[in-house]
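To keep things simple, chains are lettered A, B, C and D as they appear, and every chain counts its residues starting from 1.
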Amino acid sequence: MPFQINAELHYQVLQRSTVLLNIHALSTPNQTLSEEQFSITPGVSWEEFPLETGANRYIRLDTGDAAQLDITYSVMADTKVTMVSHEELHDVSVAQIRRSALPYLFPSRYCQSDRLGRFATKEFGYIPHPYDQAVAICDWIFNNIDYLSGSTDTGTSAFDTLTQRSGVCRDFAHLGIALCRALSIPARYFTGYACFMQPPDFHACFEACIGNRWFIFDPTRLAALNGLVRIATGRDAADSAVATIFGSMQMTGMSVSCVSNDFTPLGAADLAGHAILIEP
Amino acid sequence: MPFQINAELHYQVLQRSTVLLNIHALSTPNQTLSEEQFSITPGVSWEEFPLETGANRYIRLDTGDAAQLDITYSVMADTKVTMVSHEELHDVSVAQIRRSALPYLFPSRYCQSDRLGRFATKEFGYIPHPYDQAVAICDWIFNNIDYLSGSTDTGTSAFDTLTQRSGVCRDFAHLGIALCRALSIPARYFTGYACFMQPPDFHACFEACIGNRWFIFDPTRLAALNGLVRIATGRDAADSAVATIFGSMQMTGMSVSCVSNDFTPLGAADLAGHAILIEP
Amino acid sequence: MPFQINAELHYQVLQRSTVLLNIHALSTPNQTLSEEQFSITPGVSWEEFPLETGANRYIRLDTGDAAQLDITYSVMADTKVTMVSHEELHDVSVAQIRRSALPYLFPSRYCQSDRLGRFATKEFGYIPHPYDQAVAICDWIFNNIDYLSGSTDTGTSAFDTLTQRSGVCRDFAHLGIALCRALSIPARYFTGYACFMQPPDFHACFEACIGNRWFIFDPTRLAALNGLVRIATGRDAADSAVATIFGSMQMTGMSVSCVSNDFTPLGAADLAGHAILIEP
Amino acid sequence: MPFQINAELHYQVLQRSTVLLNIHALSTPNQTLSEEQFSITPGVSWEEFPLETGANRYIRLDTGDAAQLDITYSVMADTKVTMVSHEELHDVSVAQIRRSALPYLFPSRYCQSDRLGRFATKEFGYIPHPYDQAVAICDWIFNNIDYLSGSTDTGTSAFDTLTQRSGVCRDFAHLGIALCRALSIPARYFTGYACFMQPPDFHACFEACIGNRWFIFDPTRLAALNGLVRIATGRDAADSAVATIFGSMQMTGMSVSCVSNDFTPLGAADLAGHAILIEP
């Protein structure tokens, strides 16, 4: 399914700054890019590279003397999702989890799974299959956490959200990840574009590793699981922030759009009995 | 300098468990291993591999039906440290920091550098050179935090330690790392063996990336900087715990020793005007 | 019902200390005392007085030069409880709550009700009557928090307990209080003796003000509600600690007993449809 | 010194609410009131009374059916301060502290003195006299915490402020109180009007009990100590909030003024060697 993505970020530069950006779509076997364009205020130097904290395409830029920073990005991303029926989902013990997934069992800045073990076990431990645990976690988050813009900030972690019971997509994802890890299910942060999401914005959700495959989950229920375009994965938002600023800048404007001509969102009926793989 | 290392870990297995161990010394250009021996309760299966969270040699083992787990490790490690005079230390801006060091600028589970920016800037921001900032951070920690066994636990983070003012080597390292990152100095957790340290135990300190080289710092002042043998580096203890247990086991005994026939610890006089590199 | 109470506290005095004790039973219209005896290491000066933080009989003592502090207390306390049928329980809005109960709506050290509003409303807000809310809170705590000695310390608060899901009677009481207050039900900490409780110890539970009367609740279910002898009430354990020490002392021994010749604990069947008042 | 005070609060009432207000000046031997006027949207019922949580004049009002709530208050307050020379300041041990001050040694919602003991002792423990400790605490706060509107919220406590290093008058007061208590100096929250303070607003600072008298301290240095008019004292802002709302209202406007015809603020030179008492 091809998605047309456009993103713009505008900043006033208060002092010379270095910025790490995560806005480029990834190129993967299941996500093909075309017509990619990235432009930036003239005179600002930049480079692109991946970091080993997950899958990503970091842009590092140096504002130099620019007083204003204008970034535009557009791409056509063609993605493929795979539906896997529940019967094909296996349970794999920690002893058999693939090595590359093990770091996603460890607690991280915003996902203090080490402190949520008792809660996770009480609430979800009785469920026999890890896939059903992840689904129950997402249902629990959707039913117990209010989606409320402005109720949290960049310091908010899963530990806070569990008690305060409100947040945005980032917080929902962090809580989902922390609870999965607390049950020994590897889980990682997913940031990307979401087709026709309202209001349009960068989106965050998560992937859980079940039977050694990474399935996608969105506890906000704001995005169609077949309408996601991956920007990056990481342990949590610390690895995958849209923009990490070293210096001083103020955002003056932002717009994001992700549209498609012939997109049919997968609904509950389509999903019944199926899990969704974005990776091949 | 050759160091003879012996470590033993003994556990009672309360239920079948999978364990990730970080007790093997690393083999690096400046750290040569010989006579390495690793033995484990017969019948317990294990494998060794690195994880991409840093430099490490993870052991994953599955206790199977064993009721008790006995692990012994010994190795002869020959290390070389490099003393770099202060005049040769360069300051490199975030725009020029080598890519592999960038993840060590991000906050992590135990090092919430995002919440310590104001403190770090007030206390150390006036110091012009990042190396002197890192030294000042270590001095500050040594002078302001009590080394007190049992005053913290595995949930304690740099944010807590800064207020509670007590901890062990792990907490000292986490606070040093968090404060460096808050000043845009990449910093990573170092876990290893320390020659003649009293009492003998696994040790933790940290490395800071200054002028794109990783220098070693120990805010506890318990270990000689030329007597360290590296087990692993990572973002913090979440990546590099001696043992991460999935299941249920109880430690029944532990011993660690790291000795040398002809070791002369570097003292303050030797170090005056020099920073210490363990990596080449 | 007459209860025979004996308590002993033994300390080694490491440096001259002042101690505030809360171990004396209160004398109230429904709690009559006789044969009260309080003895303390000879030469230690002390005085008794109430503080306005609740109902209490504080002892302030100064160890002077004593190297050891031995405290024994015994009393016969005759109490009366009142069972009130559910039909007689009224709901009173904040506008009508009696003035003396209003401070028990405010957050306190261990009961951060201001941060639990969303959780409390989601979990218990749908229940129409405040008495049923308080019962549901106690049931929830009993079912979701593990009673686990040693899992918490004197710094643990309701906010922590809600996430970590373990604690002792003090933590159970703090969480009950915080959740009641978050629903605009005044709630206060109750500390006392509990007849035949196993293991014998000082006990903590809480009272909630419903229809302008203070009903007793014990989310631990460890004590019979008609077997409680009140020592103190306060906003939380900060007001009503058994011993608050200024100086340095180490406990070397403690014993508590509360027995009765003809005590029949009220059981679930007796309580069906009734709330319990200890105050007249 | 007579001060003319005017305060206005305007709210939109989103649902019927009960409000506890703390905006009335106290009448005390050293603070005489005249020409007091309090008016409120017609039809809104209210009552005035003190609570035992400190000194205060609470207003409880019930919005009833009002869609808007307009509150105006004005008073002429004549206050007297007493300057006490340092030689007259005594040090009184906990054993001799007057009973009414003891509750102000306990930790409270926003002043977790129990967790700051090690920090307070390290930073201020070497100072022999408690008055000088309180002065050093205020200097430390002024020099180390940024006064920054909007950097904190009503959930922020002294524990947070100590690490995050920014706040407003309320946070400065909470930290001052917590550090005093951690050194066994009773300390209480003071809320009031401050003559010619810029920008005009309700103000918060604190009183510390030294030699059994309550001296005033303002770590923000924003208010002249002889220009304060007391509204309330309490353990912290939980006791003394300007407005505590049960229901749902949104503030639409507020103004505060406190002026005087012939006010000469006490400056550093006047204060040299003197402490300020507001209570008789």
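Here, a contact is a pair of C-beta atoms (placed from the backbone, for glycine too) under 8 Å apart; a residue touches a chain by one contact, two chains touch by 3 or more.
Chain labels with UniProt names: A, B, C, D = Transglutaminase family protein.
Predicted model only: the values in this text are computed from it and were never measured.
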Mean-CA-position distance for chain C and chain B (Å): 45
Euclidean distance of C-alpha centroids - chain A vs chain C, Å: 46
Whole-Å gap separating chain A and chain B, where each centre is the average of the chain's CA atoms: 30
Overlap residues in chain C, where contacts from two or more other chains coincide: 115
Arrangement of touching chains [line / ring / star / complete / other]: ring
Pairwise chain contacts under the document criterion: A-B, A-C, B-D, C-D
Chain A residues touching chain C - in the complex, by the definition given at the top: 115-116, 118-119, 122, 144, 146, 159, 162-166
Chain D - residues contacting chain C, complex: 18, 20, 49, 51-53, 58, 60, 62, 93-95, 99-100, 102-103, 105-109, 112, 114-115, 154-155, 184, 238-239, 244, 246
